[in-house]
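In what follows, chain A forms one complex with chain B and a second complex with chain C.
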Partner chain A sequence: MALEMTGSYDLAVPREEVWRALNDVAVLKRCIPGCEELEKVSDTELKAKVVAKVGPVKATFRGTVTLSDLTPPESYRISGEGEGGVAGFAKGGAVVRLAEIEGGTTLTYEAEAQIGGKLAQLGQRLVAGTAKKLADGFFKDFAAAVGGAPAGASAADAAAEDGGEAAKAG
Partner chain B sequence: MTATDASAFSTVTPIGAAVRRKEDHRFLTGKGRYTDDFSRPGQTFAYFLRSPHAHAAIRSIDVSAARAMPGVVDILTGADLAEDKIGDLICGWMIHSKDGSPMKMGSHPALAKGKVRYVGDHVAVVIAESLHQAKDAAAAIAVDYEELPVAAGLATAQEAGAPQLHDIAPRNTAFEWELGDRAATEAAFAKAVRVVSLDLVNNRLAPNAMEPRAAIGEYDAGDEAYTLWTTTQNPHVARLVLSAFVGIAPEHKLRVIAPDVGGGFGSKIFLYAEETVCAWASKRVGRPVKWTAERSESFLSDAHGRDHLTHAELALDAGGRILGFRVHTRANMGAYLSTFASSIPTYLYGTLLSGQYDMPAIYCEVDAVYTNTAPVDAYRGAGRPEATFLVERIMEKAARELGEDPAEFRRKNFITKFPHQTPVILNYDTGDYAASLDKAMQMADIAGFPARKAEAARRGRLRGIGYSAYIEACGLAPSSAVGSLGAGVGLWESAEVRVNPTGNVEVLTGSHSHGQGHETTFAQLVSARLGIPIDQVTIVHGDTDKVQFGMGTYGSRSGAVGMSAIVKALDKVEAKARKIAAYLLEASEGDIEFKDGKFTVAGTDRAVPFAEVALGAYTAHKFPTSEIEPGLKEGAFYDPINFTFPAGCHICEVEVDPETGVTDIVKFTAVDDFGVVINPMIVEGQVHGGIAQGIGQALLEGVTYDSDGQLVTGSYMDYTMPRADDVPRFDVGLTETRCTTNPLGIKGCGEAGAIAAPAAVINAMTDALGTEDVPMPATPATVWRICEAQAAARRAAE
Partner chain C sequence: MYSFHYRRPTALNEALAVLHADSEAKMLAGGQTLIPTLKQRLAQPTALVDLSRIAGLSGIQKTAEGVTIGAMTHHADVARSPIVREVIPALADLAGQIGDAAVRNRGTLGGSLANNDPTADYPAAVLALNAVVSTDHRSIPADAYFQGLFETALEEGEIIVAVEFPQVDKAAYAKFRNPASRYAMAGVFVAKTAAEVRVAVTGAGQSGVFLWEEAGDVLASDFSPAAVDKLALDPSDLMSDLHGSAEYRAQLVKVMTKRAVASIA
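Entry: the complex of A and B
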């Protein structure tokens, strides 16, 4: 099933600093919820191990994270895919944009994700909420990591697609 | 069980008596033994790694890390299957397309070979000392998938450019089948005064037996023989397929035991990957291998039911009589052709399109379509619910378009002369459709409906009434007939009646009981015939080492076919006992009468009870063994000469709350003609269960895959089964026309409710809502949207 999320955060930090943090493996590792390992394979490719729990399904995902469409210090695309073994798979990506504003930077993202296997089978109702929570968690920690508490955060919006009507019966 | 209850079984039980179920003592006291209750010395546990992708190529499977995990005994993949030359799972019913070409059966290995085709497809099996160790190791298997585009939707899978599942089947089409006379049907439409058309979706269902599938495979290296305990409805067919096609072992080296089985509904007819792997792997690992499905695995991998898209047209003359019927159906087969999948949307569907009606011409086309979803096969009713839903929906719609009363429109089109040859193979031997319609209308108080509707309207509720005058073809099936239609097996049944020296009786039957109460009804038959108490009769089934051969239980065949085989064996027992009784009574055989459990010399009071004849048969003191063999044991194979045709009329009355979309079934009336009824209590139970499942399909149940082929109704959080408060009290009645083609006059009752109910419910819903477009399942959300759209349209018009 597919999922789309958007969000925007105002950070009281200059854009260059935010950009550096977005490309800093140590910062990313601290901020990605459940991230146990994140190591650089190249400037644009990382290997990750992430533990995630969606409803009744808990899984360790091993996979790759790729940075692309880099336009420093304005935007990039961060995408990843991981296999969670018997729990299924998850993959997705986000376009992250940084805009200079008075006193800091506005970070906006448009993310899409897909999950499959047991995650989709059992966690379907919980995915949208969980994804929003993970996204919020990442950017909250990220704001803290770049040293500026969020000057203002608009709530992330998450929408699950493809749920199917019968899925919601009863 | 109390002494009073036990005494109920110490009497002779006539046919037609509501004898309480003998087996319930075992089930209600926790003494039933299901496959998972068995444990074998040294047994290991299997866990299947399943594909999370609906369609993917497998680039590699790395099991090295998993193999090193604690407790792992072995990990097997498709490569190991190939190494042991284990064959594919097969579909046992050959269908030919209209161009004469045989159906295109995609390869279906028990463990994937290079490609997975649905979420839940079997990638590898881990065999370990414990289930938890097997699961942990499965999580450590690294599979490198190359994801492929997905063909998840039935509506689009045949389009040019749609992703292809099997190279052998272009356009994902397994076959394009036809039935009936196209030219005659075209001619009928050419002279039609009115044509009624209808597009329908028959929603996909998950079978949801209470007991999930399970298996234990055990290999005895000393005897070089396998035993497989498994949840099957037909152990001999499972053995035959495992032996002749999959190639696990020759039949005489393979014993299949189906102990107590907790529901099947068709889903346990088929031979699946898991059971196959447990048998095969037990030799590879040298230890018993056990597997029991978790409920989430059942949702993923039990064969689903239904899933049709249909366009149909009914041609009518000026008097509202049917001239012709034409149907085009796309039937979802899922990713592979399951064991009997090809027969369901063809010979169990197209042949029923005449319904209870005199239709001069019918033409039906069915495309069987592969999609990246779980395989689809028989589910309670199997093809016949789809046919009934279509026929009864279009009959209702036609009556409304003509402005005729739906009951009277049906009545004037009823078949009234028997035997009746339909244009779609079947020859109905007998029936009285007006009788069941009349009785149902009376029980449902049709006359009082307008007042009830008006009263409901005053409360803001929408009340509707719907009919379903169904017919089914049961008692599967005459062997030569199904053979000519492509079946790979005969559909007779066997029975063996063993009379012990002390006069009690064991009946070995090829039928299999998984909830139907055979241990009672079959014993009731023997009790009535031999005049011995029912507790003197034991029914033995479900073990290929005990019962020589049998075709199992499905298609409401166990009464009509299985019991007929018992009757045939009882005839032989009686004939021999009569000869022996003549010697014991020193009378001529022609003067011996058998009645009330006693052999009597006609016109005298000289008699000998059945038990004494049984003893005499084994002592063999009083008759010449050169003429009569000692012992009293007879077997029979019974092959039906025709299908049986249970039919009836179900009427559903609903009340819809337009504010919430909630539908309340306020009254459900079922009048069925099952021919002769052996045990009315068990028959009523079968009707209740069937209607509940039919209401489930109509209002609640629906398997849903998303466009990526992910199953989003994979648990009871998202797949709704009918609960006690979703179904009403059922008003059940019977009419009887005796089946003319089997010795007991039985037609069968196991599927009627599931066949009849969906159309009755949806006809009532469409009546209440005033629109023909009410999809199944008609959930509160769906109904509420319909009501809201109608309200918006009304507001716009004002």
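Entry: the complex of A and C
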């Protein structure tokens, strides 16, 4: 099953700096939810170990993270693919675009995620909410990592069959 | 590869010691979610700490404010408790609607709350009644307890001991359940006090249980099903899956709210 998500963040940091952070392994490691290991294989390829924890489920995914379609300092595509053993597989990616605005940079992303195997069968009712939560988590942490608090975060409505941004939980 | 240690402490301190010494150990309450997850190999804890033999974790007590229910109390015991039926009948009614008889005989209040499944029933009652979740070292009000999809204010290794439910003027729970899983597609718990009306919704929100504040506000001035008629719940934050779209769930929430109110208005 596939999901699509979009969102945008205004950052009070120059575009060059945001671009540098997007290519910084240490920053990416801190922002990928559940990332325990992230190792550079080449300039555009990384090896990753990510622990996905949703409710009672805890699965360790090992796989690769690839940076492609690089157009510095405007946009790139970050994608990941991992095997979680009996849990199944997960893959996803996001096109990230940076636009200069007064006093900083607007980061927009269009992400999609796909899972298969047991996780997909059992977790069907939870996948949309979880994927959204992980994508939001990444970009929120990234915004914090590049320049303190974001100047204005506005996670836009999610596309596809997915509902939208996280509801106000009690 | 899939073996794990099984511990069954008789004191809370023993359980805490095991959990704090091993971050990969997991608590076992009624096991209605955890055991199926283990069977599917979707979690592989190093140890299970069975809480069922710890003294003082189960039982139902009437208090000056309402009723206090031990975390390890089974749903079936809440459903047929004369105390709960007298003080907060809607809570007994909710417990009797959870899952099936097997789930109600094994599942526990604390287990349900610690898991915070977005379609579980108990979170709606706890949030609407503004109950207090007591753990091994502190008390957490419901408003601060639920923090999103499977997320709670609980720290790693923190054990729920009991939940204090305050008595309210009127309360009711209306649930539209999935006929196969019996999870809530939309479950609405309405609680009315002299000061306010709280409407908590489970089964529908993408991030789990939430308060429908708009409905609470209109019901505070006019406690009737008709008062809800004018409202429309925004579907953009609701769950969408093969059982129903977000728009469908928004409508279900409204209808369940009206049913709950109609049963006690």
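Here are some notes:
What we mean here is this: the second predicted complex is superposed on the first by the 151 of 170 C-alpha atoms of A that agree within 3 Å, B and C clash if a C-alpha of one lies under 4 Å from a C-alpha of the other, contacts with A are read in each partner's own complex, and residues count from 1 in each chain.
The definition used in the following text is that a contact is a pair of C-beta atoms (placed from the backbone, for glycine too) under 8 Å apart; a residue touches a chain by one contact, two chains touch by 3 or more.
Note that the structure is a prediction, hence the values are computed from the model and not measured.
When the shared chain is aligned, no partner comes close enough to touch A:Lys140: not chain B, not chain C. Contact with neither chain B nor chain C is seen for A:Arg30 once the two complexes are overlaid on the shared chain. With both structures placed on the common chain, the touch criterion links A:Ala2 to chain B but leaves chain C unconnected.
In the superposed model, A:Phe89 lies in contact with chain B only, and not with chain C.
After overlaying the two complexes on the shared chain, residue contacts for A:Gly117 are found with chain B alone; chain C is out of touch.
In the superposition on chain A, A:Arg20 makes contact with neither chain B nor chain C.
Residues 59, 85-87, 118-119, 122, 124-125, 162-170 of chain A contact both chain B in one complex and chain C in the other. For chain A in complex with chain C, the touching residues are 54-59, 85-87, 118-119, 122, 124-126, 128-130, 132-133, 157, 161-170. Residues 1-2, 59-60, 83-89, 114-122, 124-125, 162-170 of chain A touch chain B in their complex.
By the touch criterion given at the top, residues 49-54, 119, 135, 138-143, 145, 203, 296, 299-300, 700-708, 710-715, 717-720, 777, 779, 781-782 of chain B touch chain A in their complex. The touching residues of chain C, when paired with chain A in their complex, are 33-34, 37, 40-44, 115-119, 123, 127, 142-143, 145-151, 183, 200, 205-211, 235-243, 246.
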